[in-house]
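First chain A sits with chain B, and in the next complex the same chain sits with chain C.
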Partner chain A sequence: MKEKFRQSMSWLHTWSGLILGWLIFVIFFTGTLSYFRHEITHWMQPETHESVVRDAAALDRAVDFLVKNAPDDAAGWLIALPDERMKTIEASWRKVRIDPKYGIRPEITQNFLDASTGENTNARKTHGGEFLYRFHIELYGMDKTLGRWIIGIATMAMFIAIITGIILHKRIFKDFFTFRGKKGVRSWMDAHIFTAVLALPYHVMITYSGLLLLMMILLPWNTEEFMREYNEMRAKMLEQPAEVISPDFEQYPPVSIVPLIADAEKRLGEKIGKIYISNPGQRNMLATFVPVRSDKITYTDRSRNADANVNYSLRNGRFYGEMRTEPISKAYSVFNALSTLHVARFADTFMRWLFFISGVMGTVMTATGLIIWVQKKAKAANKPFGRKLVEVLNIGGITGLAIATAAYFWANRLVPAYSADRMSWEVGVFFTVWVLTFIHPVIRDRKQAWIDQLWVCAGMFALIPVINAFTSPMNLFNAFSAGNMVVAGFDLTALVTGVLLAVTAVFVSGKKEVK
Partner chain B sequence: MFNYSAKAVYRLDVATRTLLAVFGGYWGCAAVTLIVTRILPSDPKTAALTANMLFFILYTCVFIWVFSVRKPLYAWLGVGIPSAVFGLALLMWGGA
Partner chain C sequence: MLAGLITLALTFTGFTLIALGMEKHHAQIMDKPFNTALKPVYMLSGWVILLIAAVPCVMQYKISIGLTAWFGCMSLSGSVLVLMLTYTPRKVFAGAAGAVPFAAALFLVNILL
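Our next item is the complex of A and B:
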């Protein structure tokens, strides 16, 4: 009877994993890259690469920049201070637009200023890492709600696959220390189990928290309570006609923010990361100083990125008080902890890398799972068409996505920096290349198609430092010496990825195909 | 002939169990979640959050139940009875 139970778990594991397996792979892949979405965006704006040294005086020039450039109807400004992840000063403004479907939508214009001079770098327009991040929560080019439903269903299937995988795998620790190379399907199985078990707590956490983050979409019948405050606020805002009071900076010139930052850091005992400025150019011009991140994971206020902030009048620099988030219930602590873990908001560079590596484990686990299906199940079922279909989807879905991502980075440098529709060109290249990677295995022998695509992918990633050296003032070597670890890290990671893919290509070439 | 019909029965079994788990499970877990939201003594927002967090775990258990019991009847009863009880309780409580 017990064996029967494990068999049915094996069945459930296989099918819940397979049916949405490619989608799960895409979510793992793009989601893992999202841990470095700010770093990716920085790399994709080579105009900003020379901004390395932080000079406090440049922050006041960011305020001057906003005074000169922000439109009169901007509802608020944001100044984001450079840190180890973002090398520039972000000076942005936000307009409020009333959208008939989604209600109040912010419309944000971002500018990236040099951290030492405060000059606008006029960085090229790009979706940057945001594209990959958005893709892993709502796909692309469709209604956001529909996209999130699809992602949510795939995540649910993933969760079932993980739980049943744990149940059916009884020798979890023994197999952990087993790797049999060059043994056909057994090697893939060992790789699947190794990556699954090594990062198992991570896999459970990331999938379950992913479901929780989507619960407003997936469980709409029980969200009234969460939406009540927001709906009331929205109704109030829609009631009041948005009256634009023209800012008057002659009468109310903003004071220097540099001493205010020092004071705010002293009061909070944490480094300041963001400054929100509301009512710019008005009598009641207010600046809210928010820490970079909080190391505490349970009390994080999701919207403000921290559990405390301090306010100053920007007209005379007077301290307006400290806001602390209220103590929260146990359930909320759990929810906040899980969602903070999901997005690694608390993580410093080292933790971020650990999360990234765990994400890579998940990506490899999903990919090997899909490959095992072809090698084992489809062979046993003796359905040539089904096997061919799954294998084509595997090749385009796995190596194809990696190639498309590399192509996205290449397009970033090859599409002219100031052409008007370069953002849609970058995304267009991503999808065009991805489609091509599905056509290629249809016309090519499929084992050969794997090897072809692995080599193409290896080459494209390994050459990223080269294309960067030609199209940015920074290259792998002077980025190190100048201290721009973001650009150096990106180039080095791309290079290592290329080498690992080449090793995989060699491994796959040497393997006998299971016929 | 016999083989063919055995295969057809198997497919029908898988198809109905899948529909049962996906939709029946969703409906049943929704009823449980709404009841739990009302029963919990904490403030409404916390109660709804706790219940929602339970939903995904419960829904996973439904899948394991539906696909592991031997007879389809057990699968239907296992999902049907709790769904009916909690659904009825919800109705008597004054609708969803």
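Our next item is the complex of A and C:
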């Protein structure tokens, strides 16, 4: 009985892990990079790299910029203050568009202003880190709901693989620190297990919270009442479109926000991160000051990441009071805690790196799992076509994705900065390169294909600091001295990734072929 | 940041002590033969240090985020230990022993600043 149970768990682990394993790898890989999506976006806009020094007075110029440039029908403005992740002042406006399919959609136009002068940097248009982030929750080029369904199913498979993996691994504590190198499949197995066990709390948290974040889609019946109300509201909005009252900044000029920020920080005892401005140019022009982050994971408003904010009239600077989010139910605070952990908006630089490293461990865990499967099962099955197929999927899925990501960063600098359709070019390069990495192992010997792709990948990542030095005012060295740790960190991480991939390539070349 | 480094250092020491309580890893780290009588001492002190390691992070980040940071630190320092046991097992002891004064020094810096 007991053996039978283990066998069935083993079967479940293998197949739940395998069938969607490549997808799970893609989710882990792009999701892990998403911890740094703002940093990636900043790197991908070299026009903003020189914005390092922060000057409070520049924030008033951000308001002036919005007064001059925001369209009359903008429903609201946002000014995001520079911090350790974003070196520029973001000055954006939001229009409300009614989409017949998705309902009320905000249409956001972002502008990045220099943090010392408040001048528009005219940064190139790019999806930046947002592309990788979107890819990990809804894939690309398909209906969003369908994409989220696919991701949700893969997440469920991941969750099953984790639970069955725990049951299968009898010697969790005995083998806690075990890694035996240079032993073929045994080494892959050890690597799979130690990355799984040592970051197990993370893996369980990230997978389960991922499911929770998709629950409205995966369990649609629960939300019928909510959907009914939403549809009624939408029907009303479609019936009676909001009246646009043109702003009049002559009559209602905005006051300086600099003293308001100081007052808001004093009242909240926290640094202000974002300022939302509603009814711009109206009598009731209102500014909402939201602190950077909260120090707990429950009871936070996830979208704004804080449970208190303060409001001022932007017409005369009068304090309008403090808003606290209402206490929420226990169930909702559990959901909040898990989803807050998933997106990790609270994380400072140190915590962000810890999350990133745990994410890398999950990525390695899925990759090694796929490699073990091919080495053990596919070999035993003795079906040449099937084995070649999974090999090709492994190579293109693992090293191929890394190459495509590097190519995305390269395309960011090689596609002309102001060409009209550069955003689709960047994404096009990503997918074209990715497809090529699946074709390459078809025509190449499997071991040689691994080595080729590892070297290409190593070279492309290691050269990122070089390409940055030629296409940005900042390079690895002067970014350090100027204090732009985002660009310096990106370049350095790319360089280290390249070196590690090269070491892996050498290691794989030296290894005997497992036939 | 400093609190995080203290937790990282202490979790490394805690994990090393636990590894010293296991015959297989004891042989990797030390020249001396494994003394079974010391096993509970290693284990207990390792667990205690692991638990203490949570304190700096909890003090810095408050309870919920602090414990999250503690788990993250354990994943990282545990991985470092696993890789060191394979590739440079003889440096583990020096690392774990050095981590304690390192953590203490950081703690002092944290208090004085």
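By our rule, the second predicted complex is superposed on the first by the 498 of 515 C-alpha atoms of A that agree within 3 Å, B and C clash if a C-alpha of one lies under 4 Å from a C-alpha of the other, contacts with A are read in each partner's own complex, and residues count from 1 in each chain.
Just so we're on the same page, a residue touches a chain if its C-beta (ideal position, glycine included) is under 8 Å from a C-beta of that chain, and two chains touch if they have at least 3 such contacts.
Remember, predicted model here, so these are calculated numbers, not experimental data.
Because the two structures share chain A, they can be overlaid on it, and in that overlay chain B and chain C fit beside each other without clashing.
Of the two partner chains placed by the overlay, only chain C lies in contact with A:361; chain B stays clear of it.
After overlaying the two complexes on the shared chain, residue contacts for A:4 are found with chain B alone; chain C is out of touch. In the superposition on chain A, A:337 makes contact with chain C only, while chain B stays out of contact range. Of the two partner chains placed by the overlay, only chain C lies in contact with A:194; chain B stays clear of it.
Contacts of A:346 after superposition: chain C is touched, whereas chain B is not reached. Nearest C-alpha atoms belonging to chain B and chain C sit 20 Å apart in the superposition, given in whole angstrom. Comparing which residues of chain A touch chain B with which touch chain C, the overlap is empty.
Note for the complex: chain C touches chain A at residues 1, 4, 15, 18-19, 22, 24-25, 61-65, 68-69, 71-76, 78-79, 81-83, 85-87. Per the touch definition, chain B reaches chain A in the complex via residues 30, 33-34, 37, 42-53, 55-56, 59-60, 63-64, 67-68, 70, 96. Against chain C, in their complex, chain A makes its touches with residues 174, 176-181, 194-195, 198-199, 201-202, 295-298, 337, 341, 346, 348-351, 354-355, 357-358, 361.
By the touch criterion given at the top, residues 4-5, 8-9, 11-12, 16, 156, 159-160, 163-164, 167, 208, 211-212, 215, 219, 221-226, 329, 331-332, 334-335 of chain A touch chain B in their complex.
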